[in-house]
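The data blocks that follow each hold one structure.
In what comes next, chain A is part of two complexes: it sits with chain B in the first one and with chain C in the second one.
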Partner chain A sequence: MRTKYISVLAMVVLAGSALVVAATPPADSSIEGKITYTGTPPKMKPIDMAKEPVCAKQHNPPEDAQNVVTGAGNSLEYVVVYISAGDPGGAPPSQAVKYDQKGCMYIPHVLAMQAGQPLQVLNDDPVAHNIHPLPKSNPEWNKSQPPGTAPIDTKWDKPEFIEVKCNIHPWMHGYFAVLKTSHYAISDANGAFSLKGLPAGKYTVTAWQEKYGTQSQDVTIGAGETKQINFVFKVTPYLY
Partner chain B sequence: MRLRTAVVLSVVGLVVVLAVGAAPCFGQIDINIRPATTNMESHIGNVTGHAYGDGQLHPDAGVQSYRRFCVGCHGPLGDGNGENAQWITPEPRDFTAATFKCRSTPTGTLPTDEDLYDNITRGFVTSNMPAWRPLPAQDRANLIAMVKAFSPRWQTEKAGTPITIPAETPASIESILNGRQLFQKMECWKCHGPEGRGDGPSASTLTDSRGYAIRPYDFSTGLRFKCGDSNRDLYRIFMTGLDGSPMPSFADVIKPEEAWDLVHFLRTLQLSLKAPELATFQKYVASHPGQLKPIGPEAPPGTGGK
Partner chain C sequence: MGRLFAVVLTIITIISAALVIMHVWWMPVDISTVGPRIDSQLDETMWATGILFIVSQLLLGYFVFTSGENKEKRAVKYFPGGATPLVLFAIALVGAEILVLSFVGSRVWAAVYMSPADPGSLQVDLAAEQFAFYFRYAGPDGQFGTIHPDKVQDGNGNYFGLDPENDVAARDDIIVGTLTIPVNRPVLLTMHSKDMIHSFYVPELRIQQDIVPGLTIPLHFTATQTGKYEIVCTQLCGLGHYSMRAFLEVVSQDQFDQWLKSQSGD
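== the complex of A and B ==
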């Protein structure tokens, strides 16, 4: 009789603590690392903006193309690192991410956002641009944005990597990384990335580079733990 | 007698051999058309078109006409990779993406059934798409249902709301000159060229969304537009944009009354068309020599060419 009472009590306590854990999982773990390459990277050509003198003036010396941006210690910039499995996603934030057009370049070259999150495209140039995203699963559109006009407010509903271009200035080329998860990072000039505020658990982390595709790793992190993982892309001197 | 028999026999034999050999060519070619797995309808006026997703050949459905008239270019999967596609430029439309140039709806939205119906009825000049006006209306409506069945977008999305086009303003010289300023300010000349000859600084670099080279419209030819020929069609072209091509939508940056000004100016670029707008413009130019600054990079950006 007494043992039965205790076991019932224990079950109630256990269930209660499980509920508490489910309600407030401590999101204090993180995944950090560095993106590097092996092999010979392609030599990016300087962008010739002679056809748009207003923009050419802003880049002295001219900027290189940004398809493959390398740094010290074989690091790779503009690689999107995100949780591709293990994160249920959740509602997108209401705060808009901003994509700027300045000096006939996209800033940043790769912009990550959560699917459904507001996106604002701005034109800070004294010339007109047309913003032409080339999605595969989302609807494709193409809008003109002359100087001094209002920002374009939009969003993407389905996760995918979307190439963006300006047909007026063919060198303008960037990406929207539309992701299911809210945990993502883009590698900086040193190739470093950090995914913070993760609950303990098992995740698949994926790194995406616009020319060299995706790589994934499975990671298990405990509560409050910071795990180091690195991605190494094999690069070729020629782009296909 | 013997010779005659031999001749008759050999002729008969030849005919038999030819008939047997050619039989597979005359038999029905089995093209496995695979549209979406759901049924699709199109509504054009009081005509309803049908496409069925059960793989059966319904006599009243678009698959019959599609097999006969469309599959050669647009392909059994509707992805624009038909047998003839490799020989054609511009490439046949890929229906699976549901991106269409000629729409009455804003950029990024699906066209209405009427838009698609008008498109196949009109055909596309300077392309290999003929006008299908000779087909009965019911057949054309069925084909639209078929076109829609190829893309999953039609099952989850509705067609966009057609843009509203206000009544046309008078094609006065003020309207034409204002349109000319817009042509400079909106930087239309970057692709279409300062004289609208399709030779702007960016013209040679243009590609469509599939990566194939594409040319901006040369106004001086006076050729019909792909998306219709009237002033309202012209208005619609630059306000909706031609999705899948480099031509963007100007709906957010040009006011409706300004849009008519641009329409009137664009008519002056179509030299061989000899529109009334051209006569008005030429009269103005003759009586105001040297007053119009040339359109193009000489003018500081964003200030207009006047």
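== the complex of A and C ==
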């Protein structure tokens, strides 16, 4: 009698845990690949920081502009790759992403974050900056940060790509990629990206480049699977 | 108290006059062909206004010392008609002096700013914006690309609004943040402002000119000494005004040719 109870109980527990597993499938699939271009990309010019010698000194030789950054094998850097459909999204992480002003440049050039996620803007320069993001859906602002001032703590509530400029240094230029999903990546110096920790399912993956716009692909991945997808941007030789 | 005030007034007058006469805090070295004319005009103005300043301050001190505390003595007794005509006379005297200085000074000013540029001038374009100066050279083809104000954009470095895709002349234009010029060669600067009023001032060149948005403003000068000098904005133009500056590099013709070649290399 007693053993019968135990076996029934065990069966209930097993069935229950199976149900739990079915409700939240393991997030062990990934999508990875490479961003490349066809055509002749524009030649990036060195950034002239002559008016701010403190910053100019930090870049020898001068850093090139970062609008279109190419690498070996026709790769493209600073392309944001993210799940644009198929991911129900979730609460944004409470950990802040950091955007640094250093050597009169924005580091990183493109910073991705989830909508609602805390964002911290730092000034690591001995000169003042005035960061001025140019959003279209979120409220616009600009803030001065003299050297040694506390970081600016803020966040963006609506997803969009936000161009960032400095009101004091015209050459400073970057982007905030504010996304609905928590699954995103930015292509590295080799054009590689990887979206890890995805549950099996059907997704739309979008790649965004600041000059050449967006491209999307539908992808279906099974449990534990790693799927390769690539994006190819058509580039033109003139930046403007 | 009145006498103490008179003494302090006299001391301030003597010290400030001495500072000017001894050229403490004077203009920096002159590196411009127009410099001697500007400087002699400045000297003339300082002498004319300075003498009047010293005389009037010392007289004021004298009267305050002798009559300051005596109501009886303070009344105007000797000038015909009393106080009102005396004040009017003083205004007319100072007005006449300023008028004469303006007429004399405007001749020098016009010679610098209203005269035509040398036809063989090196042509450089200037774009001023909050808070930087950018300079443009024509490049190897000797032609400037056309400016399209709607294409001006900081984000991609298109400070002059060029359209290299459709405008062949714009493709080799050289855009830099430092004004490099050869020594002893006339330079014609064509200046534009993107946003608001700025000013181009190089104290050593004795040249200062406002840059007004919507206007194309020519400015010409010839530098006579090599060296590195500061170009500053002298119109309060916003929160970054204090940092709005660039540098002027005056180099030999050979160095200039080399520099130009290295810039058009890429």
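What we mean here is this: the second predicted complex is superposed on the first by the 217 of 240 C-alpha atoms of A that agree within 3 Å, B and C clash if a C-alpha of one lies under 4 Å from a C-alpha of the other, contacts with A are read in each partner's own complex, and residues count from 1 in each chain.
Operating definition for what follows: a residue touches a chain if its C-beta (ideal position, glycine included) is under 8 Å from a C-beta of that chain, and two chains touch if they have at least 3 such contacts.
Note that this is a predicted model, so its numbers are computed, not measured.
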| item | value |
| --- | --- |
| Side-by-side fit of chain B and chain C on chain A, or clash | clash |
| First, second, both or neither for A:54, with chain B first and chain C second | first |
| Partner chain(s) touched by A:130 [first = chain B, second = chain C, both, neither] | both |
| First, second, both or neither for A:173, with chain B first and chain C second | second |
| Partner chain(s) touched by A:223 [first = chain B, second = chain C, both, neither] | neither |
| Which superposed partner A:152 touches (first chain B, second chain C, both, neither) | first |
| First (chain B), second (chain C), both or neither touched by A:141 | first |
| Overlapping segment of chain C (options 74-82, 128-136, 182-190 or 254-262) - the one that collides with chain B in the superposed model | 128-136 |
| Chain B and chain C contact sites that coincide on chain A, given as residue numbers | 51, 127-128, 130, 144, 167-170 |
| Interface residues, chain A side, partner chain B - complex | 51, 53-54, 126-128, 130-132, 134, 136, 139-150, 152, 167-170 |
| Chain C residues within the chain A interface of the complex | 129-134, 151, 153-159, 162-165, 175-178, 238-240, 243-247, 266 |
| Parts of chain B lying in touch with chain A, wherever the complex brings them together | 97-99, 107-110, 153, 157, 185-187, 190-191, 201-202, 205-206, 209, 241-253, 297, 301-302 |
| Residues of chain A touching chain C in the complex | 43, 45, 47-52, 65, 67, 127-128, 130, 144, 163, 165, 167-171, 173, 211, 236, 238-240 |
